[in-house]
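In what follows, subunit A forms one complex with subunit B and a second complex with subunit C.
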Partner chain A sequence: MTAILTNLFDGVAYGMLLFVLACGLAVTLGLMNFVNLAHGAFAMAGGYVCMVLVNRMGWPFFAALPLAFVSSAAIGIVLERTLYRHLYTRSHLDQVLFTIGLTFMSVAAVDYIQGSSRVFINLPAALQGQFDLFGVGIGRYRLMIIVICGLLTIALQMVLAKTRFGSRLRAAVDDPRAASGLGINVPQVFAFTFAFGCGLAGLGGALSAEILGLDPYFPLKFMIYFLIVVTVGGSSSITGPFLASLLLGIGDVAGKYYVPKMGPFVIYTMMIVILIWRPNGLFGRTAAR
Partner chain B sequence: MNAASDVGYHAQRQARWHYGEIAFWLIVLACGFAFPSRYLIMTDILRLALFTMSLDLILGYAGIVSLGHAAFFGVGAYAAGLLALHGIVNEPVLALIVSGLAAMVLGFATSFLVIRGVDLTRLMVTLGIALLLEALAERFSNITGGTDGLQGIEMQPIFGQVPFDMFGKAGFFYSLAVLFLLFLFARRVVHSPFGLSLRAIKNNPLRAAAIGIPVNRRLIAIYTLAAFYAGIAGALFTQTTAIASLDVFAFERSADLMLVLVIGGTGYLYGGLIGAVIFRMLQELFSTITPQYWQFWIGLVLVVIVLVGRQRLHRWVLYVPNLVIRQVAGRKGIVAVPESEA
Partner chain C sequence: MFERKIFSRTAVAAAIASLAAIAPAKAEDSVKIGLILPMTGGQASTGKQIENAIKLYMQQKGDTVAGKKIEIILKDDAAIPDKTKTAAQELIVNDKVNFIAGFGVTPAALAAAPLATQAKIPEIVMAAGTSIITERSPYIVRTSFTLAQSSTIIGDWAVKNGIKKVATLTSDYAPGNDALNFFKQNFTAGGGEVVEEVKVPLQNPDFAPFLQRMKDAKPDAIFVFVPAGQGGNFMKQYAERGLDKAGIKVIGPGDVTDDDLLNNMGDAVLGTVTAHLYSAAHPSQMNKDFVAAYKKAYGNRPGFMAVGGYDGIHLIYEALKKTGGDTDGTKLVEAMKGQKWESPRGPISIDPETRDIVQNIYIRKVEKVDGELYNVEFATFEAVKDLGKTKK
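On to the complex of A and B.
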């Protein structure tokens, strides 16, 4: 019984992490309809920035996390302004090719600069080990992830639903022409959203070094996971991707624990079945643009 | 002249063999005799060309974007390896066909999943199928040899007459023959009314359905055929290199394949062949400059191609050949700029 609860806890932490990693993609892919396979590269950038700051320059872990966010967001906004924005109106094939190219470049570049082996971030002692709560083993680090990601999710939902920026973004996505006719600066809204999504990915990358493992092949290894979150979750709100991440996280952890021999088989089968059953995602809108 | 016969006239004109095409194949054949020390790399290019042609059939002609075409390549490769290893089908040509059929069955079965949904769903489903097969191959390592791959494959002589030699000469001509035969068939298919209907579907599925083309059935048919081609390419890989390992299913293989096709150009069969040559040359070049990091340059090529625009790039690339053809043959160039992309 306690093993089940511990697994559930780990799965939730894993799922929350996936959500923070992938929710930027939910905006670009789901809302802006841009296939960004290079999303993992931004996450990797954040992870490596955090690693360098903590391990080499001796920054405290919690001070390095915001910087991971900022640096990924900065890379994101530069790339968006210079490259991505030309591709919003192009075909999906072009977008796929372009972002695969970026992914390959980022993999080789990080390999060149930092070497190909897996890196670890030195964690403060307060985050290591686990404690027992009614006999259920709770990892401190995972608990922190759940807290951070949970707060982020609530904040995101509030921003999207309640603020002026949120309604601008939703308007820009629903009908860019009408939105710009109403005086909304659509490219600016998109650029800002893209950068924010990249920043979140960077933060997720920094947090995930301990759990998912961080090496130059991160963008390729976890690309499918991010895509699953978005396509299964749909794009009508952020609750869809959020639930999909939790489902994926719990499913993956449970799959690895109870049927270790089947490996990632469970996840892929689940994804294909869901996509066949509901091509627009579990919680998606019916009309795709 | 009424519209129907007009269309027929132009379709037939398009389908006729041109001097340039004959010259192309003669040059390929001549390469086999001119560079006897390069059989291995040339065989590799032929294999890649066949594989790319397979992707071109679904992407360039039917507009299905696939990120998991390596699935069929892998099935063909493992099928050929297992057939040879366990001595089930010893004759290579027969084994080749059987392997192709195995991939074809998988293609037929998965085509029903692929034709559902929009581009994005297709991307995900094709990618998922390839990953699924990779996971399966790793899981059943007692059959596939796991990460070590299938080892100790010994190929029997072709038709019981021509043995595979260690310089790869037999392998090269064998691959060339297979490629040429399959090219002839693909050429026939894409110029047939069936092929024309595929292009109609690619340009506008809704309109195609409205004029009475059974869209889903056509897509299933071409997807199955493409799977057969990819399976043959995979089987050739195993037969000429005598290994089959897990990386036949790898995502990089599918991604590279898209690059090859895009370099060569989608929507005309020579695109895959030209792309394969250019891609391998680029790869050689990059790996002599930076042995470990050639992937960076491949990525850069992709990014540049997309930013410049594929169609503009092809006009540049084909400018000289078309000019030569216009001067020599005194008519329109054979390798036209591919029509609008999906």
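On to the complex of A and C.
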């Protein structure tokens, strides 16, 4: 019984992490209809910023996390203004080619600057180890991930559903021409949303260094996971990717624990089954656009 | 279509064969070494260490041997065997090299093997560690190690030191399977029991569920082989999950505590016992000088890959001295057989039968020395041959 709960806990933590990493992609792909395969590069940037701040400059871990967010968002906004916005109206193939190129450039750049070996972020002692809660092993670091990611998810959902910015964004997505006719500055809304998505990825990158490992090949290695989350979840809201992340995280952990021989395939099997059942993802919108 | 393929293949073979006939006749004053290494990609740290070590050796010993100037031509194969093959072909046909050397991973070494045989030039394997490699061409000589060497030794050591039940966690690819099988063979022969066996995918993002399974199996120790680079992640999660506190030790071949990464792994690795060919903390004077020179030149400590490169170039120098500068491939390989020398890792030699390396395997424990983490050697198994050759 305790083994099941420990696995459930690990699975939720892993799923939450996937969600923070991938939800920016759900926003750009689903809301802005832009295929951004370079999403992982922003995550990697955040991870490396956090690593440099903590390991080389002695910042405390919790102070470096917001900066990982801010720096990735800043890189995102610069690239959005200079490069991405020219591609919004282009075909998806152009977008794919452009962003995959950007991904390779980021890999080479980080390899050149920081070297190719894996890096770790020095964690405070309070985040290391595991404690027992009624016999269930709870990893401190994973608990922190669940707390941070849970709060973020709630905040995101509130912003999208309840605030003026959220409704502007939804309006801009549904019909950019009508929205700008109503006085909404569509490019600005998109730029801000894009930067925010990049920032989340950066935060996710910083958080994932401990669990997934951080090296210059991060954007390529985990691209497939981000895409699975978005396709399975459907890209029309953030609830979809959130539930998909949890499902995949728990499924992946449980699969690796109970059937280690099949472990690596569980996540793909789940994706195939779900997509056969619901080709547009769990919460896909069929009509829109 | 089919005919054309055959034609092009024969053409390449013919080109290589004719080259082999011409090469020794040209009395040139330089000896060219084609170095094929992964300088980009996930294995890049291997390539960089070997390149660094070779440069260091040539600075120390000069670049002239037996009246010939040594010239290194470096090609990056990113550890992709197709690229290795192309690079080897270019080096042999266009650059007319006298040696090909390097090879970060087993598939790369194997891809170049038929070319070495056809062109009759020595292939010096400085990193890849699967046993079969030297059997694939009579021109292959290895200066790195085989996984069988360290895995059998740690199996023997574990049984004798009170470890009865072991769970294994190995990466699911050729070297990982080699490590697992040789460990199991010696460990179970000595009376040990493998209670849990898990093969993890090579591109594995998260060890957590596998480690939880290990923890619940309650073994005395976990036998681990993951490629250099993933060791850090493994050790961190091992500690996070509290396996160290549950009294489950980590044992394995030394790849998991590679000197290249060891110091960044955190105190969780303290007490890990591994069997391996080299530790930067090896107490010989020669090694101290080597480590000091390497650190001075490149700012970090050398790992076992660097030593493989350092010894590889040494072997090339010695072979040339012995042939008096003659670059005939067959003579060079003959000259390499049975060479014995003192390396930073300790005394080593080339087995005249298999052209594979014979070396001491050390049992080491991770300890803190002057505030840094090192593999401190505490037992030695002398002159270990490769036990993994397929029986003939």
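The criterion applied here is as follows: the second predicted complex is superposed on the first by the 287 of 289 C-alpha atoms of A that agree within 3 Å, B and C clash if a C-alpha of one lies under 4 Å from a C-alpha of the other, contacts with A are read in each partner's own complex, and residues count from 1 in each chain.
Note that in this section a contact is a pair of C-beta atoms (placed from the backbone, for glycine too) under 8 Å apart; a residue touches a chain by one contact, two chains touch by 3 or more.
As the structure is a prediction and not an experimental result, all values here were calculated from the model.
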>> I'd like to know which partner A:I276 touches here: subunit B for first, subunit C for second, both or neither.
In response: first
>> On the A-aligned overlay, A:F69 touches which partner chain: subunit B = first, subunit C = second, or both, or neither?
In response: neither
>> Between subunit B and subunit C, whom does A:Y48 touch in the aligned arrangement: first, second, both, or neither?
In response: neither
> Is A:G137 contacted by the first partner subunit B, the second partner subunit C, both or neither?
Replying inline: second
>> Applying the document's definition of touch, where does A:F34 land relative to subunit B and subunit C: first, second, both, or neither?
In response: neither
> Once the shared chain is lined up, is A:H92 touching subunit B (first), subunit C (second), both, or neither of them?
Replying inline: first
> Touch check for A:F222: first (subunit B), second (subunit C), both, or neither?
Replying inline: second
> Who does A:D111 touch here: subunit B (first), subunit C (second), both, or neither?
Replying inline: both
> Does subunit B (first) or subunit C (second) touch A:G213, or do both, or does neither?
Replying inline: second
> Overlap of the subunit B and subunit C footprints on subunit A, residue-wise?
Replying inline: 108, 111, 261, 263-264
> Which residues of subunit A touch subunit C in their complex?
Replying inline: 3, 6-7, 10, 14, 108, 111, 115-120, 122, 128-130, 137, 139-141, 210-213, 215, 217, 221-222, 225, 252-257, 260-261, 263-264
> If you look only at subunit A, which of its residues touch subunit B in the complex?
Replying inline: 29, 35, 83, 86-87, 90-94, 96-98, 100-109, 111-112, 220, 223-224, 227-228, 231, 261-265, 268-269, 271-272, 275-276, 279-280, 288
> For the complex, which residues does subunit B have touching subunit A?
Replying inline: 59, 65, 67, 113, 116-121, 123-125, 127-129, 131-132, 135-136, 138-139, 251-252, 255, 258-259, 262, 292-296, 298-303, 305-307, 310, 341-342
>> Under the stated contact criterion, what part of subunit C meets subunit A in this complex?
In response: 40-42, 44-45, 48, 198-201, 203-206, 208-210, 212-213, 216, 229-230, 232-233, 236-237, 239-242, 260-261, 264-266
